[in-house]
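You will see two complexes here that share subunit A, one where it goes with subunit B and one where it goes with subunit C.
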Partner chain A sequence: MSEIYDIGYRHYDGPRLGAGHAARALTVHSLRGVFGLGRTARSKIMPFALGVVMLLPAVVSIALMALAKQRGIPYSGFAVMMQAVVAIFLASQAPTVVAPDLRHRVLPLYLSRPITVGQYVTAKVCAMTAAVFLIIAVPLVLMFVGELLVDLDEPLPTKEFAGSLVMALVLSLLLSAFGLAIASFTPRRGLGVASVIAVYLLTWAAVPILYATFQSTGDESGAAWAWLLNPFWLVDSVQSWLFGTPPHSIEGEYPSGPASALILVVLIAAALAALALRYRKAAAR
Partner chain B sequence: MNTVVAGITYRALLGRRRVVLLLLLPMALVGLAVLLLAFGAADQRTAMQLMDKFAIGTMLPLLGLIAGTGVIAPEIDDGTILHLMSKPISRPVIVQTKFLVAASLLALFAAVPTYAAGWLLVRNEDGIAPGFALGALVAGVAYAAVFLLLGIVTRHAVTIGIVYALVWEGLVGNFVPGARKLSIQQWAKSIADQISDSAFLRADVTISFAVPALVVVTVIAVVWAGRRLRVFSLTGDE
Partner chain C sequence: MHILATEGLTKRFPTVTAVDQLTVTVGPGVTGLVGANGAGKSTLIKMLLGLLPPTAGAARVLDMDATTRGAEIRRLVGYMPEHDCLPPDVSATELVVHLARISGLPRTAARERAADVLRHVGLAEERYRAIGGYSTGMKQRVKLAQALVHDPKLVFLDEPTNGLDPRGRDEMLTLIRRIGTEFGISVLVTSHLLGELERVCDHVIVIDAGRLLRSSAIGEFTQVTRTVTVEVDEGTDALAQRLAATGQRVTPHGRMLLVEVQGPGTYDAIRDAAADLDLALIRLEQGRHRIEDVFREEAASV
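Showing the complex of A and B:
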């Protein structure tokens, strides 16, 4: 025996669940945190209130289908129509995913476990993507179920519905990657909320002005590019290219689809890279 | 007014990352004005759209939110407000000082760039630039007071402020004309309309309602914020 005293401390010799399990647990924990589950009642108010607001148009649309026998909101245009609410949800909840860990400097604690910086960032992005996807997709599914039950005379727009779900996922990934990248630059929640909404509002308010200006100079095709500055219209332009849906811009067509898709992929990659770089630095502190 | 409190607040707002955001928005406004100028679209209609939709409609509420909540909310979040409150300074005076700091920052970061952008596009034609600059100045003071109060009342001040600025002033105001009467943004437009005689500008709220409303809202918000801080108790973090 090498020990001088054996005071009965025992080693853990049960099964070890590994890094994958830790990453999954972190994802689920972050996702619950976005909706305030497992936190105080006060932090549940905002996400659930916004979720209810997102459901209202779906309910109105079902009522319209049942009573007036006509479609309310097209599935493909739902995200663009509700963009202000989605953006507020992203802005108010993205900082809750990243800010507390930065503020309380618990990142070294996470990284002393089998989890790596890459897995940590992936888990956070997955959680936020899932949250934004839920906010957009639940009303869409509700609307589709409603349409199934109401049974309109027209054929079911299954392809449009499936397309809108796929694009909702892409949109969620784009929004979450950007939202988290911006929010992770400050450990303060309030400032994070303001930064994310400021960047969104810049794109939202500048686009119609730029569009009108280019159009007044007679440059119709150049004006169309202005829509791509806003994430919602960018994803909508990819959707109208991939699934042949009508454009949901305020007016005018989108420029070419493949170019929009390329911009979309580049933007997502850039945001994820910024996030990874940011956390490499944060972890080193 | 307490100069030490004012100094600390200025440093907290201008010395950290918050100043990046305070600079980003006015820079975007002036940048857009330069872009419009470069494309030869510098007429009254575009100037009006830029002023109305971007300067007053987007930049001003956001800056008001960042400055108004920024002067007090981070201290409440950190709990460092206790150090300030335990000093023999009357709490309404703390609130008044912080309000003045926020209002002065808004004058610098919102009203001055608004004037600059307007001047770049149409010079002083029909009083558009000075009109909107004065509107931004007065509305900025009101926003500072309201969002300061919000920062003391709730920890979700920024989110609630965004919902007010975006949903109430933006969406509801577009569909329900009555909602425009209760919107700081519309009061700013009334003041701009008073100074400018451009044909493109049409305010929905009369000046005889807007000016008293701005004064009343500002005074009530500052006084109420002072009262709230007097009975303030720091609760645990979520």
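Showing the complex of A and C:
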């Protein structure tokens, strides 16, 4: 016969780790949350479905290399080509990272622990950046591994591949900072999804309109700047400057590379500053 | 030894002074912080956690300055907020394990502690379900569990009985008493209901509009007064007359009589009077101050 003993309250005298450990734990927890791990099955559908959609072109590309002995999608152009899917991923998942803690006022449970507001925001940005990066980088790596195995006659585009990974990380940071900032100002999750996708559609739709307008007035150099309105083409223009890849705009060249890089840095800083301000206000409540 | 101490602690917001020149010390055990809504209880706790810089004065928690060593304090202190603060889509286990790790516990220790503490607050199988489906009572238990999971030296419980039914309230109060005694964790518990703190606290601090009204041991609040309550089945008036005739000071109080105790003779007089008149004595009880009375007196005199 078994008996259950009440062993009473036990004290904890093990190690108490610092804020760095806490920030890492929060990053991993948030990253798992983006992909719905440890959540209901329903919250896994969207991120994994989009992940599969991102993998399809990579699979087609490998098949093309194996059967027709020619490259499908260039590594440098993958993100621009798949931008709609990446944007939907950002819009659907960024609110899950920030909205529940704000809406359900979980933030005080964090801030009454060793972690600071700054570390909290940093962990959230890192988690979202890692998630977007995974979504873009996994197909890229798959394509590269495929190319290694297929062994085309051409030399391996290692530099282009490495460049595309670096720029994928930069793009992920830009998208995440903006996505989280927008989502944090709209704590209702549905509203967050809608506003992130609305901002993306605006940048996506404005480009051709502005481009055509400038071109019709004969201002070719002015028209080129229109591309930088969209985050994907902005990052592509920096890639083109840094790694010498061909522009993946629909038509025409990008304006100067250094200017694009500067705009990129300013935009990331602005989004992070907006996030910081939002959370300073939320923490004071 | 003081668990926490404040010295002239003041917090002014643009429109209101939430905490005003508060100087108070708290020892180990269970301490009640009593005040009406808006008396400054939550603001005080935020300052003690080092989350809100005071306008003036200083606070020390576990012998650390709250303004400069907030992070260290927060590692050894637990906090249960007054408001709802639980995400609905995760299970209690997952949330409490996660928050244990944020408090600095390694992964395995966090799991063990979370399981232990959820058992202590009385959450059984339901702890694996999403919190969204919990009752108010269960949510309060999860909020308490997350405050205890890192085995703090001190917990701040902000209105833990809020929204609970009488039975839930009783269970929560019993649990708070156990935390202070059996678990050996000092507790600062706030409430706007004075009566319920009487049962669980060793010490009570009363604040109103951010100012200290009174701080003393529970015994002093509920000290024995110099009256005895007498209740008889019938013949209350006759008893009152007989007692008054023997020189006792009697005041009728509903169906009962309050008799001022002048010495051991008073008890004899009551006994003799009841016996002589052949009355059925139902109750003979020493009068006690209740916290409510004290609060009312203090509030009236300020």
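Keep this in mind: the second predicted complex is superposed on the first by the 273 of 285 C-alpha atoms of A that agree within 3 Å, B and C clash if a C-alpha of one lies under 4 Å from a C-alpha of the other, contacts with A are read in each partner's own complex, and residues count from 1 in each chain.
Definition applied: a residue touches a chain if its C-beta (ideal position, glycine included) is under 8 Å from a C-beta of that chain, and two chains touch if they have at least 3 such contacts.
No experiment lies behind these values; they were computed from the predicted model shown.
In the superposed model, A:F185 lies in contact with subunit B only, and not with subunit C.
In the overlay built on the shared chain, the residue A:S43 is in contact with subunit B and with subunit C. Of the two partner chains placed by the overlay, only subunit B lies in contact with A:T217; subunit C stays clear of it.
Of the two partner chains placed around the shared chain by superposition, subunit C is the only one that A:L26 touches, whereas subunit B remains out of contact. By the touch criterion stated above, A:G8 is placed in contact with subunit C alone, subunit B being left untouched. Looking at the shared chain after the overlay, A:V193 reaches subunit B, while subunit C stays out of its contact range. In the superposed pair of complexes, A:P108 makes contact with subunit C only, with no contact to subunit B. By the touch criterion stated above, A:P246 is placed in contact with neither subunit B nor subunit C.
Touched by subunit B in one complex and by subunit C in the other are residues 39-40, 43 of subunit A. Here subunit B touches subunit A in the complex through residues 17-18, 21, 24-25, 28, 32, 35-36, 39-41, 46, 49-50, 53-54, 57-58, 62, 65-66, 69-70, 73-74, 77, 155-159, 162-163, 166-167, 170-171, 238, going by the rule given at the top. Residues of subunit A that touch subunit B in their complex: 39-40, 42-43, 45-46, 84, 88, 91-92, 185-186, 188-191, 193-195, 197-198, 201-202, 204-206, 208-210, 212-214, 216-217.
Subunit A contributes residues 8-12, 14-19, 21-22, 25-26, 29, 38-40, 43, 100-101, 104-106, 108-116, 283 to its touches with subunit C in the complex. Within the complex formed with subunit A, the subunit C residues making contact are 49, 51, 71-72, 74-75, 77-79, 81, 83-90, 94, 98-99, 101-106, 109, 113, 116, 120, 130, 146, 150-151, 178, 182-184.
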